[in-house]
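Presented sequentially are two complexes of chain A, the first with chain B as partner and the second with chain C.
Now for the complex of A and B:
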């Protein structure tokens, strides 16, 4: 008794005496939420859903029903739990609370094919995590790279090298139930307690009602594929008073700058410009919404290139090299190279400040954060190198990089000639022109133990070995020079020097080009912070709508990615270069969408809040019993009242004053 | 807890009130007006008492639980007293109204007797009290969950509905008795009504010990019902007459 009244007092309403709850409702309307609701539900707010994405032909991701999916809780900790959920448990459907160790392909596929699973909530923690988890495919972007039946057909489809062999492809499956990630340890404890109190089997007997249950809401508006979704959005825009957007194209901005300023309003071929392209990617992804730290996969590349820009800026003012160096950060590379394909497209259509004839060579920074034994690898494309002139250029580039590495703590190697390029933006450029280029990476062949958490939410600071001594406060951590940062600074120096040499600069100026480890540390620390929201979180499918622009690409909404804009502004402050943004959009050329080279990626709109809560669930029998009793009471009272009111004169006739009017 | 529980609890809580309204009040517009006005008076009393309680709560230390509990009890008792005061005020208002009603009616006497007004006023109080007790709980019963995740009883909805039913009937009976007491100037009747109201409110503070609150409240409801019946002109004689008429009808038909 004490426990319950204490609870009711804390919630500022007393729910036991009707009078007092009444008082709360009238006196404090809107101030406190319903205390009855607090007795029923526990809101879980640190949860992240998996959302639905579409391309031209398929849908991937997860979906809940319109009013959420409810199921009895069961914690998946062992194989017997799996049997209970999938076949023997008496109260289907179940919501599965999945321990980290069980979040793998075989278990999820079994869940997918079962009708007894209403949803999955995955406990996200490092304990119990396997040494590798990559929900991406084994051969990323295999259909949109350069290798195809007509170009290096024996290298296509990862025939020679499977780049991500640990990938389980979960991000590309279509689940018909909601999947959420539980990120708050305390709330997970609450859920576990509810489960232990009500749902546990005691000595083999089945648990009795009321049982602990959970409801997950993550309804997605878009279905089937982009074509369908766009058509439906069209219909909404044309015929509805309140048009509802069903999906948005994945769109964002590429960021570029150059050592010698280029007139950004002049489009097409730039006269007398020969440009060395230095590129890296800006994005990452994972299974869940907005949970892509991508530390090794992306941040390492961004930090390196930013530091290289910083290192090059003084010397390119004093002793400018003959060629221009063009730095570019591509967005959306995880989804069939949205950013780089857009830039190549613009170059081909003379819609960009330079075109492909201006490009002399290309150096791309891949995953460079975890090199062991100081070695980095220079990947090149064997098919284009069959041409002698291209081969010469590539070898020149390699030579220049080797000489730039002299005196640095980096040793460069090149993999087998027959090995194809890893998934990289260079592949999109090669589709248009055989440009001599290299991709710098810390893996010789496949990703394997260099990035066991490729494109997953576990690719975080710890994965990049960004660790701080325990006694530092957050401000001190921001400026602390970690070993990872020092390593990246070395790589950045190498990249800067190589670019300078490749651009035709003199060897004697090389020693002045050094990346500042302080700046590298600062940038690395900010980009790998888990709680930072003001700096770039490089995700392709986060957006905030600020305006819509009309482009030649009709009937799509365009959004500015506020994160990358703030990033760009911060870049321009630190580097005093003018930065430019070019908009990238997954192409929707015309209504027919028949262009085979360009795929259309969209992501679904969802309700304003996806959320989950847990509650106790009682048996349908008790529900029916209550309804039965209610109906009985109603009928009985109707009967009795009718009877009494018809016999009223008789019953109340012995009163002193008989009323003259009838009842 | 789904639609079944929602309708079940709604029928339990409001079934008798609905039946009484349909069969005895709905046909006569004057009674409808008295009913609504009665409900309004109850609402006013609630507003004032909740204002007092709210100020008391805000002025006190919210961490001190015994104090909060004490304030709760004070709030309950003050509210009961205020409701009875407003019931008396409504009686005075209706008394004044009967003269006016008598003036404008076609017959010699007034269109409605004090006894009928007492019953309708009590019903009005009861309906409004029931609505405020139950509507909040009903809306929460629509979702998929039931009470119990923090250890509360799972019978919460149904006991709330039963309590509301009892309160509605009690208010009706108290209305009859109170007005009767005021008419006849029998102050002990009024005192009994007030103290029984306080007793019922106090019993509800025993929740969730439902065995301690629901059976006593129903016993009191029954007693009040009997008392109101006798007070409003019924007697054993009329009951007897009813029974004999029934047996005659039964014998005739069989």
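Now for the complex of A and C:
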């Protein structure tokens, strides 16, 4: 017995020293783990995810798992690749690297319904880009415009004119896997090389482990719809120790100004004010997060209106017209007219400097960047024009625009009387009041000939024909007068003169109203550059000396799924008027639900999103091994415990101890 | 604690305390009662207090089975239907998972 006892002691010591060694190794591993991670994973930087958005009833966008989605890489280059991924490949799930040409509805919907796709990474490039690509819906904002069952029912739901017929609606689908955009060409090459080295099929043989894999991580917190999400955020704030924010409402600011100053603190009807409203939108969107250059869709309108404001400022000082001209830039129009509906709402509730009775007429600048043959089209609403007085006003406005176009390189046309208004902020005003108004656009009917990349990330400077001679450096490019800018300057002059006439100004002053192509070029070049934000900031400092007003701006909320243009900065060096910002939340949120408006659009919060690729060994092998080792350790420990327990008296009582007797 | 060295009356007292304590919504006390006194109640040769200990163990086992059934049913229903219950489900939850329904 003694011998066995000592033997067991020795074995304990051995085990103990063994344990120490194990700990040392793991401690060392802990210190060096970051470099080990670097050997396994390659982190990818220039990537943009698609995020989740919610409205009152649905969720759209993409979602990844809480710890990221990992899958074996496969590059999609042909139809047979797609079949491999969806049915015959032996190592699902796959992360699909997609060329631009394959990023269309049919491919994405096939992958959406498959469980073998863990994620998608789209290579963003112009090569292989189709002639048109618009992830927006075919009939933008069809339920929140003016046309409905009770107003122009035959015109509703794009029955007469489909504005974006080539839109594939991808932005409004709900994907259960992450979708990323790869923007850096060098990193894309690295990925391709990894794929070619390890994953490529050679002569029909399937590749074996180890394979190249990728992990996409873009976990979204919000789910179901806005109501659920805001409720859960409330519950978190009230009862949780570490409240997590689940989603933010889409909110930002509208920007407005006027030729005659209005007292911004006075709310409600402004006495003796008859106002001509000049409006345009300020936002754009695309499938991916904050990748919406919106050059033709939005920037053309902004630039035109800014230039018109600048052209009008000297004349409205010297020979002020009887009516006030009220310029406004609406934010969030892509999402059911957030900005314009808020302004109309405020006007109706007497919570704005003017109200709807002050509005005489409205001119909206739509997409005006790509005129073909110098023609622009004046869109109007046929339903309100059935009323004679409104019709007279609209015809007057059109006449004034025609006379303003005299001598300019612009020819104005009017589409068919029966054609409804395109999606525009004017529709929200018409919902409240039959205001005579026009929407100026470069398209007669549908967008796609003029704007083939409507609300997509490809609607960039090149789409607007903003091109520079090749030998200019970036600073020279900023002040270069492109043809696109000259064209927009023409349109701006037209708009300024029309507004002046509409406001009751004299014909004789018209020739003094001209938009300065230099300013137009500068603003266009700034807004169509991808890094326009940082550049405009530095410019504001140099120009603030020459111009009197500085701004109170900027958005405190940047939780917008839009291209946050530094509109206010550029405005500061073209205007000498005070600008005002009105906050636009997506309608008001009321807990007591007495309002008819409810918070509708929100976007999901997320922790940082990352993207990394690695080699991976077979999943089943490692899992089985781990499970097997675990079970073996369990059984071993049970066995050891049993043996020790049954020999307890032997092991734990010394020779001379008198066992206590229990009775 | 080693039951070998305890007089029988103390064993009875222990079993009774565990049995009564389990009524305070503490089914684990019943579980312990069953496991700990099983050998005493059923496998040991008879002694005076054994029938009572046996009855306590049986009643604890019964209570335990009822609790397990109720909890299993509720947990299954809750996990399955919480997402569909919308507002009610959220108010019943202590932690709501992020990003999934």
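FYI, the second predicted complex is superposed on the first by the 530 of 663 C-alpha atoms of A that agree within 3 Å, B and C clash if a C-alpha of one lies under 4 Å from a C-alpha of the other, contacts with A are read in each partner's own complex, and residues count from 1 in each chain.
The rule we apply is simple: a contact is a pair of C-beta atoms (placed from the backbone, for glycine too) under 8 Å apart; a residue touches a chain by one contact, two chains touch by 3 or more.
Note that this is a predicted model, so its numbers are computed, not measured.
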After lining up the shared chain so the two structures overlap, which partner does A:63 touch, if you call chain B first and chain C second: first, second, both or neither?
second
In the superposed arrangement, which partner chain does A:149 touch: chain B (first), chain C (second), both, or neither?
neither
Which of chain B and chain C A:235 touches, first, second, both or neither:
second
Touch test for A:215: chain B only (first), chain C only (second), both, or neither?
first
Going by the contact rule set out at the top, does A:244 touch chain B (first), chain C (second), both, or neither?
second
Would you sort A:224 into first (chain B), second (chain C), both or neither based on which partner it touches?
second
Touching partner for A:641 - first (chain B), second (chain C), both, neither
first
Between chain B and chain C, the one with more contact residues on chain A is chain B
Just which bits of chain A does chain B share with chain C as contact spots?
none
Which bits of chain C are touching chain A when the two form their complex?
2, 4-6, 86-87, 90-91, 96, 98-101
Could you pull out which chain A residues touch chain C in their complex?
63, 66, 219-224, 228, 231-232, 235-236, 244, 246, 604, 662
Would you mind writing out the residues of chain B in touch with chain A in their complex?
1-2, 4-5, 7-12, 15-16, 18-20, 22-24, 46-47, 49-51, 53-54, 57, 65, 68-69, 72, 75-76, 79-80, 107, 109, 111-113, 115-116, 129, 132-134, 136-137, 139-140, 143-152, 154, 156-158, 160-161, 163-165, 167, 201, 204-209, 229, 232-235, 237-239, 241-242, 245
Chain A - residues contacting chain B, complex
1, 3-7, 9, 12, 14, 16-28, 34, 36-37, 39-42, 70, 194, 210, 212-213, 215, 613-618, 620, 623-631, 633-634, 636-638, 640-642, 645, 647, 650-657, 659-661, 663
